[in-house]
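Every chain is named by a letter (A, B, C, D and E) in the order it is written, and numbering of its residues begins at 1.
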Amino acid sequence: MSNQPLLEVRGLNAWYGESHVLHGVDLDIREGETVTLLGRNGAGKTTTLRAIMGILRRRQGTIRLRGKDLLGLPLHKVAQEGIGYVPEERGIFASLNVAENLMLPPNVSQGGMSIDEIYTLFPNLHERRSSQGTKLSGGEQQMLAIARILRTGARTILLDEPTEGLAPVIIQRIGDVLVELKKRGMTILLVEQNFRFAKKVADRFYLMEDGRMVNSFPGHELDARMDELHEVLGV
Amino acid sequence: MVSTQPILSATGLTMEFRGFVAVKDVTLSVNEGTIHALIGPNGAGKTTVFNLLTKFLTPTRGQISFRGNDITGLKPAEVARLGLVRSFQISAVFPHLTVLDNVRVALQRPKNLATQFWLPFSSLSVLDDRALELIDAVNLSAYAHLTASELSYGRKRALEIATTLALDPAMLLLDEPMAGMGHEDIGRIADLIRRVAKNRTVLMVEHNLNVVADLCDRVTVLARGEILSDGSYATVSADPRVREAYMGTEHE
Amino acid sequence: MAVGTQYLAEQQPKLSTTSLVLGAIAIAALIAAPFFFYPVFLMSILCFALFACAFNLLIGYVGLLSFGHAAFFGGAAYYTAHAVKVWGLEPLTGILFGAAGAAAMGLIIGFIAIRRQGIYFAMITLALSQMFAFICLQVPFTHGEDGIQGVPRGHLLGIIDLNQPLSMYYVTLAIFLFGVFAVWRIVNSPFGNILKAIRENERRAVSLGYRVDRYKLGAFVMSAALAGLAGGTKAIVFQFATLTDVQWQMSGEVILMTLLGGIGTMIGPIVGAGLVIALQNYLASSQFPVTVLIGIIFVICVLLFRRGIVGEILELMKRKPKGNV
Amino acid sequence: MSTIFGIPAPALYGQILIGLINGSFYAMLSLGLAVIFGLLRVINFAHGAQYMLGAFAAYLLLTYAGIGYWPSLFLAPLLVGAVAIVIERFMLRRLYGLDPLYGLLLTFGLALIFEGAFRHWFGAAGKPYAPPAQLTGAMNLGFMFMPIYRGWVVVASLFVCIGTWLLIEKTRLGAYLRAATENATLVQAFGVNVPLLLTLTYGLGAALAALAGVLAAPIYQVSPLMGTNLIIIVFAVVVVGGMGSILGAIVTGYVLGVLEGLTKVFYPEASSIVIFVIMAIVLLVRPAGLFGREE
Amino acid sequence: QNISDNVVKIGILNDQSGVYADFGGKSSVAAAQMAVEDFGGKVNGASIEVVNADHQNKPDVASSIARQWYDADKVDAIMELTTSSVALAVQGLSKEKKKITMTTGAATTELTGKQCSPYGFHWAYDTHALAVGTGGALVENGGNKWFFLTADYAFGYSLEEQTSKFVKSKGGQVVGSVRHPLAATDYSSFLLQAQSSGANVIGMANAGLDTANAIKQAAEFGITQGGTRLAALLFTLAEVKGLGLQSAQGLTLTEGWYWDQNDENRAFAKRFQAKTGKMPNMIHVGTYSTVMQYLKAVQKAGTDETEAVAKALHEMPVQDAFTKNGKVLPNGRMVYDMYLFQVKKPEESKSEWDMYKQLATIPGDQAYMKAAESGCQLTQ
């Protein structure tokens, strides 16, 4: 692990139309690290991810990946730099079947998982590989959304609330998957409300409030900081 | 007022999607005045069961009866008119109407003030008292004149419940009412559900097991389209099959 | 982004005293107008303005774009013309007969079209109205390309001689005002409130127990009837009913009028109709091809002024910060 | 002379064949519409105008540059496709994300402009365009004379339709197209250059229309109004087939062409409305169209 | 002064952008202006003004333009009126408003028949003349079994009716007919129907682009090779030019004027071509003639008051660049000699506009219906 951050965000501001949502977000992620964003509903977690990707175009500040400025790049070029995005609403395509959904994202670099590996990891998907993508249940869709990024060889992954609406068993399985990804050296930026889940995988936490980073601490301090978190998150 | 009289019962409910059986031979009965939970892993078929019960889908096989009437052949709007009203997994309000108007829209039908195209708008003001009462019941009085789109997620769900209550339904079907909700809202909605369930029946889908344990009189567990277990929370959560298929090993 | 769940219109501001005053001034101006302008020109504006208002009832308040409203406008013109010319009906009865015929057609076309939304709805209404146009070409009573010519204006209720341009004008004005009032009343009624709710979230309206298809069909029929009222009146004013009025280009024109004036505003369609008719009138004797200009206006409106003239003005007056999706 | 249902067999076969030829145009045009609608969610009202532009491009190439039919078969779609790309870049693009009705209205306005301008410059009377020398003459099929050129049109359109279908259903590019239809941003977030994809798709759809126009030029006159009424029939075809379904557009195009031909034999008065009647029936029975998916 | 507002205003109302635009169109306006020039620019000291408008072949558009011209713009007379539906509408309105119309662009005999007007005049041609001319020529050449391809509106019906009557009176028979919508694109199925009916002549009771397309497609389907003949009942120089000699060769057609008939015509045509870029057909020159004749009538009557001018028009012979022996019947029909032409083969044509061979002259009295037979109330 080098000291130079892989992803470096400085003073990021972002707007939806006229409404100013991010007010100077700073964020660093080192290669191979898993970082989790915590924050209440509406704190700006999703917006941060969308602004990093460039889905949200109205932004100011600096975003660098391996020192390369991402701000000026069109969305598809950002992806080609090796960032995989798993959106909040999952984004499964109804007009493609499960296998086609899985095959859809173009490879951005070598070393993605093979289809067989993916089916071993997610047997449900194998079983339903020829059904229409959106006919899967919520949980199955979530797995599909993660799986299809793993195939592309993206080494940096932005995950937005992967456990939302999922059954405990599935959450557990997704947790296992993330641990496995960490082992393979992936860099993960995770947005999560469920910190029981997050604790299992996160190296570091960032705490967000009203479009700003208000705190950051290493993963093992989570339990110790529970009270503070209660205050910010209203748990 | 927990009775043992079923208000809604489904027998042999089966739903096939082009060869894929999403719901298989489900027989379910919900007793009048209870809060009944439907839980199960993702893809178990919970939302599908809801869609079948409220006729947004037509079952491949099986019968549904509500308060003694066979409703298997009815249309969704007709089911709602009989007093079986649902919410959606994705929040459903009328975003550009005010909170008050959202509730008034729901009140218009039971008060027979919906088809009069010759009456002025002001004739709707007779509904205001009742509407404000309902809004108050869900703690939204302070927001009555905001448009629904300006509400936070949790308040939107509260509004949705208020509009549903406006119909004074005998039975409510709630699909994941707490999903995506912040912690502070969860408690509020749970209270609200408990309150409205005083004199009606509730069937809800929910993944938050604390809420289920806390709120529900009875739990039906669905897995792979079939009923896996049925009974009180304590009974089902002790069932090893349920633990394996749903709760996982971590849950106490 | 689900197709058809969005809508084009803006919320309607409440009726205020300023708008009452403005309305009164407008009506006074309309009463005085025939002394300053050519009455037939004014009557044609009134007919089309009413047509556009009827059309706007659907697009502006139910969110359904009908691309087939010519069928109701032109169909009613045929029915009225035939009833008055061949059966010798009294003109007002003839106009009402035309409107009733349009309503009946609205019921049939609406029944089929209402099953789909958004662009599908637009295409289906377009196709069905084109089918009606083909039927008009074939059935004998319409007299094909010749149309029903020389429809007698006759005497209103047997008393007022409509051959006098001024009496014809005031009768047309009265019908126009009635029609506009009807649209306004429908929109601002308990029924209109449900329409709004359906437009906002149809599934939710269903789950509240509303049979949304019936509401939509009801609005469709009302819109058709009012379009028919306009068409019937036009037949008496121009003493004519022809294929022009049933063809899809006419449906396009009424869309343009409404879009140009402002979809979902009460007076937008009226302003739009006035502008388009005036423009056509002016261009008829110039070198510039009319369709090209109409096309250009369409493109400009869609790209730059989606709210239409009146809509943009209202927006300026509101100056409310926007900022949704 | 044998008869079928009281109709002389040659007349019947003849009409079926003519129906198939008309169906070829329906299929090619509705195919282009389906491709554009599929990805851009735009009902391309200018499709009829683009068909007309294709025919005019061929005519103008011949008259002013002496370029004949065969090169025009490629050049005309290329030219019209280029015009379409400009339209997509500077106009349609600004409407993405808005209600799809705006796309319909914009292209409607464009259709009026093209047709009005060409009518202004060239008059409404058609301009003749001769079929290529290799394809003139007719074949005696026994029951009728089949102009060789029309036979060629049927074959050519089949090739084009099947080719396009394979491209979209069976290739990776096609999968991008279908996915981008639903959520273009996300597809782009996977690293696909979606804006380029959209532009090319509109260009491709318009080029298909133009190709149909070139094929039509020797059959009908080249006239500014040739697309106007055709396009509405094609809309009906698309609704019957199921919006956005490529296969639906193709199959329905041919089938309705033939049915229309048959109507001309049995009940000619209804031939101009038969497609609309079928559309109404299909909508009542299957609102999503024969090949369409329920939304 | 006896001229209202001291200006004589003439309106040319015709199709300038639609399917019949080449038939008359803007060039007719030029012809009208030529007439004004040739007349000397002033009548009884009053100036002459020509206005024009495009009615897009829509009778309602036409009648509202006419209404406005009369009510607001003080137009005294309207000429040309392409297409029967338009002409009937405007003539009807003008009758009510007591204004003169002189139709050159429409064909139906109704104009001087049941719907005739004391102020309505019909120049150039009509369906009767076409039936006698083109229909007659084909019957004489052995065409005795007819099948009609008819435009589905008044003009088509009128043309079919007149031609059938004529064919039957010569001992021929009509074996069938089919109606097609205006501006249909595909005639092949109608042509096949015609062919399987066993007819030896297909009578095309349509006009403009419709006829041109049908002719082309008949050639494609080998219908003419099979010995069936085509009768293009209404076809003029403008359409022949549009279709091209290759496809049009051999057609017989009836017109009242052709540029290459004599020196005077050639001179006129040359002037016209200099202005418009093309050679005139009978409609263009006919419109020239109506304007000229109207001005002469105003001059003779000494006023532009309708009754007086109409009376003069009824009385005066027509003698100008258009015809040498025209006379106006009581029903408003202007009767003059028509000519039967055949379209040349491409190799026979010596110049761009050299397209006709003259076959015969049809004396006016034969070409046009007797006033008494027309059904016009004014003649009783």
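Quick notes on this structure:
Just so it is clear, a contact is a pair of C-beta atoms (placed from the backbone, for glycine too) under 8 Å apart; a residue touches a chain by one contact, two chains touch by 3 or more.
Here the structure is a predicted model, which is why all the values come from computation and not from measurement.
Under the touch definition stated at the top, chain A and chain C share these contacting partners: B, D. In the assembly without chain E, touching between the remaining chains still links all of them into one piece. The set of chains in contact with chain B as well as chain E comprises C. Distance between Cα centroids is largest for the pairing of chain B with E.
The pair of chains sharing the greatest count of C-beta contacts is C-D.
Measuring from the averaged C-alpha position of chain C to that of chain D gives a distance of 32 Å.
Averaged C-alpha coordinates put the centre of chain A at 44 Å from the centre of chain D. In this assembly, the C-alpha centroid of chain C lies 38 Å from the C-alpha centroid of chain E.
For chain E, residues that reach two or more other chains under the stated contact definition are 17, 181. Touching two or more other chains at once are residues 134, 137-138, 289, 324 of chain C.
For chain B, no residue reaches two or more other chains under the stated contact definition. Those residues of chain E lying in contact with chain C across their complex are 17, 51-54, 57-61, 63-65, 67-68, 71-72, 83-85, 88-89, 92-93, 152-155, 181-182.
On the chain D side of its complex with chain C, the touching residues are 41, 43, 91, 94-95, 97-102, 104-106, 108-117, 119-120, 232, 235-236, 238-239, 243, 269, 272-273, 276-277, 279-280, 283-284, 287, 295.
Against chain A, the residues of chain D that register as touching in their complex are 172, 175-176, 178-179, 181-183, 185-195, 293. Residues 8, 10-11, 14-15, 18-19, 21-22, 119-120, 123-128, 130, 138, 140, 144-145, 147, 149-150, 219-221, 223, 225-226, 229-230, 261, 264, 268, 272 of chain D are the ones that touch chain E when the two sit in their complex. Of all residues in chain A, those touching chain B in their complex are 40-42, 124, 128, 131, 135-140, 142, 164-172, 193, 233-235.
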